[in-house]
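Both complexes shown next keep chain A, but they swap its partner, so chain B is in the first and chain C is in the second.
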Partner chain A sequence: MPGLTADSGNALVPLSPEAHVSVVYPLHHGLKPPISRLSISWSRGNALRVSVFRELPAESGDSDGEAGGKVVQVKLGVADGEVDDAQWRRIAYGSVSPFALLQSRRNSVLALSKMSMSSSPYHPDWWEYVMEYSKDISSLLDNAKSLPNSVIDDPKTVLKKVEEPTCLKAAWGLLEIFYADKESQAWLPEQIVDWLADYDILFSGTQATVHSKLVEFQKAIVRLQTIEDDPRYWEVITSALAVGWLEIVVKLLRLHGSYQLDQLSNRETENGLVEAVAILISKMPRMRPELEAGRLGECFKTKPDFIKAWEKWRAQITKLDCSSFWVQCDHRQTRDGLRNMLQVMLGNTNNLCTSTCHWIELYISHFLYVRPFTVGLESMHALAQKCIQLKPISSSHRLMGLIIGILGENTEVVLAECSRAFGPWMVAHAIELLTAGSDQAEIILQEERDNLGGISIEELHRLVYAQVLSSHALTWQIAPIYLTSCMKQGMGLLEVLLYKQPVQDNQMLLKTTEICRLYDLESISSSIMKIAGVYHWKHGRKGSGVFWLQQARDEFRLNRIAQQLFDFVGRSISDESFKQWEGLIELLGSESKIAGGLDFLHKYRDFKKSLQQVQVGKTTDAAQQAVESLISLMRNPSTPQRFWLPLLHDSLKLLSWQERPLLNVNQTNLLLNKLQELSMARLRPDFIEANLPPQALSSVRLALATNLGRAILEE
Partner chain B sequence: MEKSLVTLDNGTTCSSWNYNGERLATGSVDGTLAIFDSIDPASSSFTCTSRSRVHEDSVVKVVWVPPEYGDAVGCICADGTLSLWEEVVEDAQPLQWKLCKSFGSNSNKVLDVQFGVSPTSLKMVIAYSDGHVKVYELLDPLELKSWQLQAEFQNASDSVSTFGKALCLSASVSWNPQRGESQQSSFVLGFHSDTPQLNSAKVWEFDQDHQRWLPVAELALHGDKGDQVFTVAWAPNIGRPYEVIAVATHKGIAIWHLGLNPDIDGRLSVERVALLSGHDGEVWQMEWDMSGMTLATTGGDGMVRLWQSNLNGVWHEQAALEPTS
Partner chain C sequence: MATTKSPPSHSLQIHRLPQSQYIDAVRFLPAFSGLDRFAVLALFDTHSSSPSLQIHSLPKSTPPSLNLQSSHSLPKSTPPSLNLQSSLSLSSRVSSLSLSLSAHKPLIAASTFSGSLHILLLDFDASVQSEFSVPEKSLHVGAISCVDLQESGVECVSVGEDGRVNLVGFGDGSRLTYRRVWDSDGLVSYTAAKWASPTEFATGGFGFGLQWWDLRKPGGPVSQFKGNWAQRTTSGIVHSIDIHPSRKHTCLAGGSLGTVFAWDLRWQQQPIILSGVGTSEVATHSPCESEVWEVKYDPYMQTSNFGNVSSSRILPAMLCSEDGILAVVEQGEEPIELLAEPCAINSFDIDRQNPTDVICSLEWESIAILSRP
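Right after this comes the complex of A and B.
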């Protein structure tokens, strides 16, 4: 990249010259060039949206039928195509509960150790929890598409077809072997032998492997008349032996022509030799606690027992190698083939090297036949280096990078490999295994770093993974589990994430606010409900708007709404509009504390109701009730002054009631005083004139005066 | 890897996604404001739901108003006018985009506008072509037409002296995205002008006690203070003990750390931690992701570049996207 090295001298932290070169990805937009400009925007999580604008054709306005631009979305840092999207989501969902369980166990263990003041922060059996976690995660990584198993055991099928493994599972398996499975540390080499047996197929894509050789030979096998005449037979057998696939080796040996009934008489010695090798192979001592049923070899749990058996076994091989029977074996290919196998079993490096395909296979063969006691990562690393020298890496495979990182005991390299090759899910989950691996790794991963803004590597990777989860509508709900496991910045990111959730749909909104409640995020919850309230209010759903603003306890906006209602009421009091805002008063009134002025609206509604009844029924009782409402409204200090005149004007009919004066002297005086006050107020500049006919004031005054006169007469 | 979301109209010049990425507003040469929505939430394709003619001149920038104040945008047009448009239902009329307010000016063009949310109000910063900055405050949270001018100043560290007749080509404003209750309103502002004193990016903070805006930091090294600024971007802070701000000049993209605690003079400590180059010339736009860990930029070389800091705190280009047909 031209930009990377330039100007580095100016920077406070100069970029090192060997700083990595960034990858340039094509971004297909499908537009006809030229492109005039780009615009970018981050969506939720790690999704980046790029708007691409096309330059206008020279003769402007003349459209050439092409679109004016495109917006394309790219998701960054998402792993390869080995696992499809649906499968990823299944893994993402499946790993939540093992992860959460492990976190809660860690918290309780930590709490316990704090109480007992013990020196070690972890339970001695902590790794058992980690192992359980690892097994749970591993079980998620099985490939969904499983191949049908043949019921009939065909003697010529040497390779059983199993479900195709994924690199992801293979990588997880490696981490488990090296970091989590403390119980099996003594049998580490044998574990790696098993690992390769399961996953050698994965390397076949980029290079030749023993597995691919076997697959090739399996295809040819049915067409072979005398199998032992074919050089491929011996080559494949020796290769399978070198990587320790003993069952396959013995099965192949038993296909040897000398076993056939019609051959026994003249090929007895030859058959004896083949069988002798087969027996030796099936009795190979293995330093491991057990083998699954059907697998060959003899298990030894302790080193002394194993060494004794191992030496005895090798002595038997040497003895057979020097035996005089070989001379009597007429079949040259059989003789050479079998003796070649003996050399492999005796650990002859040249033979091991020629019968294996890539360095990991060679490495495994060393464990089996040369240095079965190799322990300690340091010597394992040295051995790996030696194997890589003998079989240089022609095409690098992501699993190879991971193995080298693990053997090199460099936690950061292992993490970088995990991240580069398998993406954020892997790193976020693998860290649990790495921290269980050693105290040193734990320190490296959990130490808070200034360079990272005060968070640890562990937290960083959880944040990154949570961001990936956030970018998809189906996975964002599990991001909080990971964010809340982050001590420092998790809540901050969770707030941002929740704030960006859509509010238009009530179902979604309830879900989001429920998550807020769960994690005590009151202020963000109120922001979200505020947004929803304003959205509904502005989009004509006033009731929903008020409801959500109340939920948000947004007094500021609710007061404004109440104010708007006042204005509305002051402007028009026709019966239709009254119905419109009646519901709103009902809603607002349920929490009258929020807007004190709403008390007035309540009373006003009551007044309006009784006034309506007066209009309909004209009964004196109803009129009397309306007068009570009017008086109580006019007495109430919360009734805005600008409503006084409209109220009185509305009540003209009551003030000049035909049958008898409805207001007594005191009441009439009160209203007259208010009217007086109003006349004074009119002189002030900030007075708001009610939208009433000009003679309203005088007609009210006249009505009141008449009423007063009648009331005095009555009393 | 990429997925097409929207097909834009002919003559589209600018676009802007709303806060949650569910709506897109675009502006075009004929002064049209178009809104794109996802009709079916399950699908990820967007269709145009509204087209309104907002001006006779070309729209050059669209900016969304924070969602607490409704679905509204500010449109800056080529002639330097700014208008605020809002989607509302009024008096039994169907949903439509309505003009709330225009900020026209005969001599001074509006170069940039950005909205900032404070606990009690909405603030709007407008940068003008004469180097002046105006901060407006919304008076009524439900009405986007009632704005009050709160302050007017120039982007100079020394608030006393004034510079006459500045000519500015562009300006860039970025608010501190933090929405906390205790947070003071602050934003960063840089100009591309012929007056060196106004150019460098400066952080402005609202002084609540004295009700005024103060420059609390200048994001330029001593020799670079007159450098014209293409664009600025304030990163979200989810818990760092410092703020991160990106400033792009012709020298490259500078990443600045800004301290949180002011010294006796009220200034914030600044440190330039990286100077990144890659676009070979003008930087058009810079956007931080939601965690503030990745910076995406576009520029005159027609590329999208992504920048990150590694475990040692060293900033580097993580990847680049090259648009191709």
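Right after this comes the complex of A and C.
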């Protein structure tokens, strides 16, 4: 598989060989030995669930009061020392908006180009969007706190204290320089110079660098009486010059003893030479559009202008180098030090090599003084190889692999390095820069591959990152953003992710269904709500169970639970406890279509209510209303058969109303028919006998017959 | 996504403070000392799986009058910061948080998802003076959905999805007493509660239902509001209720589908809908279309036109929602959007003493503090 390490075979994610170092995780289970059995399974994310079982003494059973076992979670730490978990989450949250914005811009640009049938799929200003994205992401990678700037500017503080940058930000900066920042391609060498100035500190950890030298010297500087006598002074100055930190060089030069008022008179020539070098340094031509305030050098935007200035500047250096003033300078260290600096500025390879520490510093010094207009990655790569030969690296730094990959123009290597050194977040987000870099990279990354199951490398890495997000309880909600940007597998995995979310808590459930709503996954959301409904129902929360099943429009389950509810109603509904039911019945609504068989409850409640009024007021009107409810209940096919007799028994009073018969002939016939049906049903084995006095049936029958007689007479 | 449209954004100050812990709830502590202002955060640390309750002090914002002339000449006033004062670890995550003043000392009631209730009495320096708690399974079966302390802080009502309504009292100051007001045996679930007067409170639940309770009339709610207004096919849940101390007859509720409505006890079955996508009439005005997690009357907006507000008009209210909106809605007016975040805003609180300031908790482990002009 191209782009991934060769030895990983068919693995989707390259496994780094360093991971084979064994780590010991102490387990605090607090159980008394002997432990008889261990069971290990994966929990959420990279946590292991270890179940520890004790061997119970056979004779005493479990009477010793100790637990028989315990479940412990072990978090397998793959912690990045530089960025902790909370910081990673902060980066993950922050990168959602830039990523989503870039995706939506890509989609609209693609839609536009389809309409206009233009040959190039992207807008000419596409890279501007990519650059904006890159800047947004880069701003997330800053350390949270910045050190307060010192108010007093100490002249002896040559090196300003800054918050230590992260390798992650340095890596992102490199990718931005090489792939996204199309506008500054012409000034690439200067960009790398700036990059090193910001991040040289990162290499100090493993070996000496110009930065570490400066830090050392900064500590010593206060104790030095005559700074120019110290060989370290000249060493540090030349090193800083070699990597182009001109401000520091000039600042250090101005600390030279010859500037002191009492010495100025007898060290005039010496001071003149120091100042001449300082001026030459501050006039150094730089091929870049601009410099920040306070930075030294003269900017030239175009190559011809720059070359002219460059030649002129070098001529000035050569002239100074050959001048006769050197002979008049008595201070040996100053003389040698300054001439060394001139050699550096003239690009003397030996001097550059001795004054730099790390190969990348040597590399930068070549850009500054030997080949300032190096263009083309090929020659840059060759130069890098040469520098590495001159200054071999003892231990590999994770940024080095990335730099070499970039210079080697090998997209797969760059990706693999990003993945190995910085993890899935980096790869998923860096791909956006890589695809913007060149058409060739775009083809490699977006081509669908059979060995990846028909998906592209781009999609693969987004899926991997989405999996990482999904495995944490706080970040799973942003995984859908990445999953939906994956054309082939994204939606399927999103469905799986949503199904896996817990339904016990309503707030979590609503957050899940909200995501379903955003991505038009109605079937998923209704399945989840069904699961939730059944869960709540089973845990005795009948109201919320019914609510969720209603939301899911699950008539089948509503009908099923209706049967259970009716059993419950048949047993428990007395006139007093009806108030308890009130809320549930309100929830069911009167004309709700998705109540299943439950609308019976609503009608039953209405009937009971009017019956209650009859008992209190005994008015014929109220009684008539109760009869209407009774008839509509008996007509309704959803009224369960087992309620027929109790209903009729409850309304005995209505059937034998004193003043006049309340039911007409038709109504009475209907009820008699129902009674007949009931008698037939009694013969069936699954008939459930209502909990009524034994003479209930006969008394209802008698009342109905009487009523029928009276009704016929009346008509 | 993260753009604020309507408000005069040049004067609205927003500060986001990352916490690196999930924030379950956030509240301003009612002012009890003139010098400091405190906020209570219910946090959950996912790394160690430990929930906690933290009290932070945050500097008071400078009044706008002092800021006027200095807007250009001086560097910006120092951004607000949260400074941890005291922290208390809990056994389970906080499901609801309610604060009040009792004998001039702040009182915090925190209910948990495991069903326990914790009541903290704070001292004048915001340290915990005494803590009382009711263990799990004694008040509710399962989680407590919502707790609300009385304004005077004598009693606390707790409701749950198990359908129970409990009253917790701490009259004598040494221990808690509790009694069950109602048990619907799971037939009705309650998700929100709010006191209206020392004897009356409102609860809310599924199907946009609201219940009115009067302790003088035991045996169930004295009044119920049906949520099925307008022939709707989808329904929702009430997540939050607010009742204005000067208008105890009106119950303001916020819930699913961006819904905010008011139920006036004097016009029982006709709700006044302030926002929501479920109904056609206000759908165009609705600032959000997802779950409204919290709703509160906004005392800041009220001052602008207090003179001509009739008692039937609903006062302006602030809401926060799952789709990341913090907005003020007013009857018959366009909503004012204060914050539009790419993630959910789960809870917010308005500083009672200084109603220009709003604190809210964001899904992505951070706190936002807003200062309105």
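The rule is simple: the second predicted complex is superposed on the first by the 481 of 715 C-alpha atoms of A that agree within 3 Å, B and C clash if a C-alpha of one lies under 4 Å from a C-alpha of the other, contacts with A are read in each partner's own complex, and residues count from 1 in each chain.
Quick note on the criterion: contacts are C-beta pairs under 8 Å (C-beta built on N, C-alpha and C of every residue); 3 or more make two chains touch, one makes a residue touch a chain.
Bear in mind the structure is a predicted one, so any value in this text is a computation, not a measurement.
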Exercise for the section: Kindly classify A:Glu514 by the partners it touches after superposition: chain B alone (first), chain C alone (second), both, or neither? Expected result: second
Practice task
Would you sort A:Asn451 into first (chain B), second (chain C), both or neither based on which partner it touches?
Solution key: first
Practice task
State whether A:Phe53 touches chain B only (first), chain C only (second), both chains, or neither.
Solution key: first
Practice task
Give one of first, second, both or neither to describe whether A:Gly540 is in contact with chain B, with chain C, with both, or with none.
Solution key: both
Exercise for the section: Applying the touch criterion given at the start, work out whether A:Ala705 contacts chain B, chain C, both or neither, answering first, second, both or neither. Expected result: neither
Practice task
Have a look and say if chain B or chain C is in touch with more residues of chain A.
Solution key: B
Practice task
Check the residue A:Pro26 against both partner chains and state whether it touches chain B (first), chain C (second), both, or neither.
Solution key: first
Practice task
Classify the contacts of A:Arg90 with the two partner chains as first (chain B alone), second (chain C alone), both, or neither.
Solution key: second
Practice task
Give one of first, second, both or neither to describe whether A:Asp505 is in contact with chain B, with chain C, with both, or with none.
Solution key: both
Handout entry: Touching both chain B and chain C, residues of chain A
Key = 75, 473, 505, 539-540
Exercise for the section: Enumerate the contact residues on chain C facing chain A in the complex. Expected result: 1-2, 18, 20-22, 46-47, 113, 141-143, 161-163, 183-189, 191, 205-207, 209, 211, 219-221, 224, 226-228, 231, 233-235, 237, 256, 290-291, 293, 322-323, 342-344, 363-365
Exercise for the section: Report the residues of chain A in contact with chain B in the complex, numbered from low to high. Expected result: 1-4, 6-7, 10-13, 15-16, 19-20, 22-33, 35, 37-54, 56, 60, 63, 66-76, 412, 449-455, 457, 460, 463-464, 467, 470, 473, 488-489, 491-493, 495-497, 499-505, 523, 527, 530-531, 534-535, 537-540, 556-557, 560-561, 564
Handout entry: List of chain B residues in touch with chain A within their complex
Key = 1-17, 19-22, 24, 26, 28-29, 41-42, 44, 46, 67-71, 86-89, 95, 120, 140-142, 179-181, 236-242, 251-252, 271-280, 284-285, 287-291, 293-294, 296-298, 302-306, 309, 311-325
Fill in the blank from the handout: Per the touch rule above, chain A residues touching chain C in the complex are 75, 85-87, 89-90, 93, 96-97, 100-101, 144, 472-474, 477, 505-507, 510-511, 514, 517, 536, 539-544, 547, 550-551, 579-584, 586-587, 589-594
